Amino acid sequence: MGTIHEVVEITGHIIDSWTLPRAWDIIMDRGGNFVIEDIRIGVHKDDPSYIRLKIEAPDDAVLELILSELQQFGVALVHADDVHTARVEQNGVLPANFYSTTNLPTQVRLHGQWIAVEAIEMDVVIVIDQEHKRAYCKPMHEVQTGDQIVVGHEGIRVQPFERDRGREAFAFMQSNVSSEKVKVLAIQEIARQMKETRARNGKILFVLGPAVIHTGAGRYVAELLRRGYVQVIFGGNAIITHDVESALFGTSLGVNLESGEQVEGGHRNHLRAINAIRAVGSLEKAIEVGLLREGITYEAIKHKVPLVLAGSIRDDGPMPGVIADMQEAQRRMREEIQGVEMTIMIASMLHAIATGNLLPARVRTVVVDINPAVVTKLADRGSFQAAGLVTDAELFLRELLEALS
Amino acid sequence: MGTIHEVVEITGHIIDSWTLPRAWDIIMDRGGNFVIEDIRIGVHKDDPSYIRLKIEAPDDAVLELILSELQQFGVALVHADDVHTARVEQNGVLPANFYSTTNLPTQVRLHGQWIAVEAIEMDVVIVIDQEHKRAYCKPMHEVQTGDQIVVGHEGIRVQPFERDRGREAFAFMQSNVSSEKVKVLAIQEIARQMKETRARNGKILFVLGPAVIHTGAGRYVAELLRRGYVQVIFGGNAIITHDVESALFGTSLGVNLESGEQVEGGHRNHLRAINAIRAVGSLEKAIEVGLLREGITYEAIKHKVPLVLAGSIRDDGPMPGVIADMQEAQRRMREEIQGVEMTIMIASMLHAIATGNLLPARVRTVVVDINPAVVTKLADRGSFQAAGLVTDAELFLRELLEALS
Amino acid sequence: MGTIHEVVEITGHIIDSWTLPRAWDIIMDRGGNFVIEDIRIGVHKDDPSYIRLKIEAPDDAVLELILSELQQFGVALVHADDVHTARVEQNGVLPANFYSTTNLPTQVRLHGQWIAVEAIEMDVVIVIDQEHKRAYCKPMHEVQTGDQIVVGHEGIRVQPFERDRGREAFAFMQSNVSSEKVKVLAIQEIARQMKETRARNGKILFVLGPAVIHTGAGRYVAELLRRGYVQVIFGGNAIITHDVESALFGTSLGVNLESGEQVEGGHRNHLRAINAIRAVGSLEKAIEVGLLREGITYEAIKHKVPLVLAGSIRDDGPMPGVIADMQEAQRRMREEIQGVEMTIMIASMLHAIATGNLLPARVRTVVVDINPAVVTKLADRGSFQAAGLVTDAELFLRELLEALS
Amino acid sequence: MGTIHEVVEITGHIIDSWTLPRAWDIIMDRGGNFVIEDIRIGVHKDDPSYIRLKIEAPDDAVLELILSELQQFGVALVHADDVHTARVEQNGVLPANFYSTTNLPTQVRLHGQWIAVEAIEMDVVIVIDQEHKRAYCKPMHEVQTGDQIVVGHEGIRVQPFERDRGREAFAFMQSNVSSEKVKVLAIQEIARQMKETRARNGKILFVLGPAVIHTGAGRYVAELLRRGYVQVIFGGNAIITHDVESALFGTSLGVNLESGEQVEGGHRNHLRAINAIRAVGSLEKAIEVGLLREGITYEAIKHKVPLVLAGSIRDDGPMPGVIADMQEAQRRMREEIQGVEMTIMIASMLHAIATGNLLPARVRTVVVDINPAVVTKLADRGSFQAAGLVTDAELFLRELLEALS
């Protein structure tokens, strides 16, 4: 073994951030080996460390696999070349050996200079615009013949996710997805960060599932909208229809939100709510003509907060404004994610996962769900930055509002 | 109270099937009252019973609400008129007071004659074709200006879901969503019914989630396809991509299905699998050129089993063949559901709920998931006929295959 | 079939309460048959109904099985004899054919007179004290040679659990174990009933699991104790040790409850807390000497609220006051349950199930847990009266305290 | 800060095993600081590394806390003294500053020599027998006046849990508690290790919950007993009563295990089963007189496999043989754990946690449960060596038996 090799180096808090042990795991798990050529460990906890490793592999495929996985920990080739690209020969089809992104800050070397990749998100590719010295992301289905796509692992630098001891509340939530933690502390910390984010004019994105309305918590989101704590909302047909049903008839799937009683058989009010909006033409029109006078949709439109409503296969109706085409919906979500600094996902699985796929790692993300599996699922998809809170959506929103006062 | 009223009658096993107590619950819960005008209880357990009730309500809205909910239990107006209709005045918008369907067999009275509503499904409307004396279902967004839509509750007869003591295996599964039951018995009963269904040439629909591939159980579904036990498959981008990834690279999200080890970092093989199929143009073409040689997709296409692949907002790619437009996807699902007599849903939530919405109640449905919440959720949506099995998808399929031998 | 039979009658809201259909189900499911000899259905919803059924069975065993199961729905033999008894011949061993109780109000006929069974609970037996014309419950292991134990089904009358439309908040919670409900409404209703219970001097029992402390919610229970809303507490070694650890060191399993940080490695403070109390001898002594100055234990002892602490196989220590013998612990629980009118079980499974086993059906019981399986499990054990609230223990207690203000 | 300090050293695969980053985390999280005095990183992956750290802390309490937590990672004081002890002054009460054990192999220095602590388990204390140069564990409640108990952190050496790349199947299960894995592979690996364990005459312990019987899987455990794969069983009143009910009446909580039908009302057969055994006196006697002829209990007693049955507060009966006193039950469990090399815990939470508390880390442990929370809970308690399998108990046992053939 070890006929081919590559030399890489890592700098930073590589032990404290567990970068080094994880790197060694990957090298060995994928069938490679390594020799330490140089190592300088910081003597105090704040000192950065440096390591230079010779990575050996039995063949090119293994070496490339190791290098591509190591890149997400910030490992860089010592003899870095410019980034390599290949031309798209067919719309929507990538060149072989395409580089698949992480959601971490990424740079590519162009003519000897490192430039940042714009609008980074995970599992897409990087297009190089040589003329304007730009690098940006594109999902597979949007690549066009002639696009220059990054391939291989040369000339790519990823900035790893370093743990921030100052973000204690997030850290403690991240440590473990558990319902057996003091939630009031976490909620106060979230409120503090929301205030900070707004103080510097950062955007806060809410991703909402239908249970927010079923549990009567729509009123709290409406209040957050009035207070300026929501800059964009992602959701689907269900949440918006429940919200309109609640505004028009006081029910959610036929259950009266004041009394908790089922006052209508299942889906009838749901369908009537959709039909009422279809009859006037749009949610905006429904507000204009005085049909829709309260709720999340009403407040969002009134405060010019964009609502991106993505359809799904299980939808009734659909409600006007819901995007039926999935690629168009993703495109709209990508657009509105620009500038988002904080994301709060509540009682949603489908839309939360979809949003998690699109968010850069630097966005602080809070996932609130009563079901621990939802948070775990998000973490599995690579959204390392997500802090999970296993709690009740309704009571969470009530407390959050209080903590923001 | 009680200034207006309506007289209804119910016939059949109204106590045994719990029709009567449920009807009384609804009348009282919705604010009405009742007087029994006539009652004849069958003396032996096989005798049908008959009851005539005068339902009193404080106003029209309450009376109509009660009557519309009672209809799903087979309650019929004594003085039945012909069905009432109203004309659609705007594409995709229903007349006020539209009748929203259940998934139970339904008849409407046209010129004094009861005719069956075709392709019944729940939460849609009934269109009357006077000329051809036909009645059929349409979802809201497909109604066209000029369509005659059933409104109110006159001239509508629903055949309630009567418990069948002969379907014991299903009955025992239905009784309780629990993992603490003898699953081998249930699996043998499911196998028996699959054989019966195929013996009379009935269609069996499989709805599959991605965990089927992750757990290495794709091979069992492929075998079911080869043995002729699958007539149609519903799924999404994820299951089909994992299947292709598994056929092309032996991995599912980078995990080797033979060794259980992660051999590739996360989503790279996933994206490569999609890209490989996009490069040749389609799944069919991939088989033709010898790229795809095994797996669920391969067997389905080879055995001409329709695959309806509906997209979702969280999809990568997408894989060619995945339908991006949600209304088109629902339309294709409706098409393929015709003739289905049995449905087996495995490790899927989104597609299982979507399919449950479209299935008539008479289709025997088995929901297999390790998470009890998924089955409960389906039952909440009105899919009364669903029998839940809280168990492991992989081991379920292994046992099912053995039970079918 | 039908060589032997028995005639029974049922009176009351037998259709509204679903008594009749359930009775018919049981007769047929167990292999019997029936003929209606007389039926008088109430004409208005408030009228009681009456039915006389001849139940036929193939043999004595089936007939007895049917009759014993029907009794819990209030079905009574028409030709009621005095209750039959058999003598215990060996300590802790029941006569064959012993009558196993339900948790419903029960009467037995003694010398032609119906007398109430004292301290009813489920799955125990009834001892007849002929001399004092008393009937009371005993668990199997406590029966003594010479005890007269009720056998068979003659002379036993059970008062079924009739749904009370006036208890709407409970009704709506009972209808479905779901996290997708408006919890604030339910919490306000619980608060209202707690106030009512205390107004008439009724006892409220709290059953508490360790997560109450981990989530920092111990302070809310302490406040409930100070306000007089807790008359008895059931728990185990874990909750009480966490409470003492929290009072002594500010941590729960080493996690600081103010900052959410792990300040001590795992179980060390836990063991130190137990050891500190063992050193002074008892929890009471720890308060006396000024060691324990706050928390649930402190408030309970100060307000003379009995704490029944039952040990378990997984306990460290144990803490002084924890009962190591399971039969002694059950005996103490039985003792303290006398007079309890309302029970609130929070984040506990083992102790909640144990308590549910001992509670008569008339006690209003609220089960609060973030895990739906816990509530379902309680309901499965026959605690029909339990209303489940799937929510966060910490936020529930916070809201409850506010609703009680 | 940093007025006091201590110098420690760590040797071994300290980066690969993540020892070093974890140690640094603890030092900083607890408020200390460190300076690297010497570091020698192995150049190849198989080379051990060495590091000498000066740990600084603001005061003695923090320093001691850090040192005591670091010990479980194998960190040893450079200037190691003999172990310190203090005398127990009161039965069942520990000296202040007692050393609380981990479940890892531990040595103490006695007169300059390192001796192994016998029967190590976590959260207990170490007693030093100077005379016989022995060190062994005792739980708090068993310490006697005069016992010499280890205190502080001097002269204690813990051997950390090093990941073994050869135990791949276990490794892949440990990596993540997920139901979305290939379970057949894991089951085959478990079977392989059971065979190995038996080949060298190692004991295999099964911890069983009642669902094993409810799901009809008792027959598979009985077969494992017959084939010699079970050397000891831990369980409770429920499993053993269900097993006897199943052997005597063919039901489990009244559900017929052949047909899946409820043939008896709830708990009656359960109570009858207990009563039948109480009448003859013991489980052994029931076999002798021919009453009990099959099932887990029957096979266990016949093959002289010890059954440790620990009672709990929720038990009916109890069944003869169930230990009512919790400390006695723990004592019996400790006794039977000696020599156990592999533990398989199925569908049990209470007994699994209790057993996990007592097991040394070297025992290979498999936790099988359909509920992911159970496995997570075990891992939280410090049972690092547990490999979790989220799957169906019944189908797991069926497959395991097949894999053992």
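Letters are used for the chains, namely A, B, C and D, taken in the order the chains are written, and counting of residues starts over at 1 for each.
We adopt the following convention: a residue touches a chain if its C-beta (ideal position, glycine included) is under 8 Å from a C-beta of that chain, and two chains touch if they have at least 3 such contacts.
Just so we're on the same page, UniProt names per chain: A, B, C, D = ornithine cyclodeaminase.
Computed from a predicted structure; not experimentally measured.
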Taking all residue numbers at the subunit B/subunit C interface, are over half used by both copies (same) or under half (different)?
same
When contacts are scored as defined above, which chain pair ends up with more C-beta pairs, A-D or A-B?
A-B
Chain whose mean Cα position lies farthest from subunit A:
C
Taking each chain's centre as the mean of its CA atoms, subunit A sits from subunit B at a distance in Å of 33
Cα-centroid distance, subunit A relative to subunit D, in whole angstrom
39
Find every residue in subunit D that makes contact with two or more other chains and list them.
261, 371, 373
How would one label the connectivity among the chains shown: line, ring, star, complete, or other?
complete
If you look only at subunit A, which of its residues touch subunit D in the complex?
15-18, 20-21, 24-25, 27-28, 33-36, 39, 41-45, 165, 176, 178, 372-373, 380
Give every residue of subunit C touching subunit D within the complex, in rising order.
29-30, 65, 68-69, 72, 90, 92-94, 98, 100, 122-123, 139-141, 236, 261-268, 270-271, 274-275, 278-279, 310-318, 324-327, 329-330, 333, 349-351, 353-354, 357, 371, 373, 382
Which bits of subunit B are touching subunit D when the two form their complex?
168-169, 172, 179-186, 210-211, 214-216, 255, 257-261, 370-371, 390-392, 394-396, 398-399
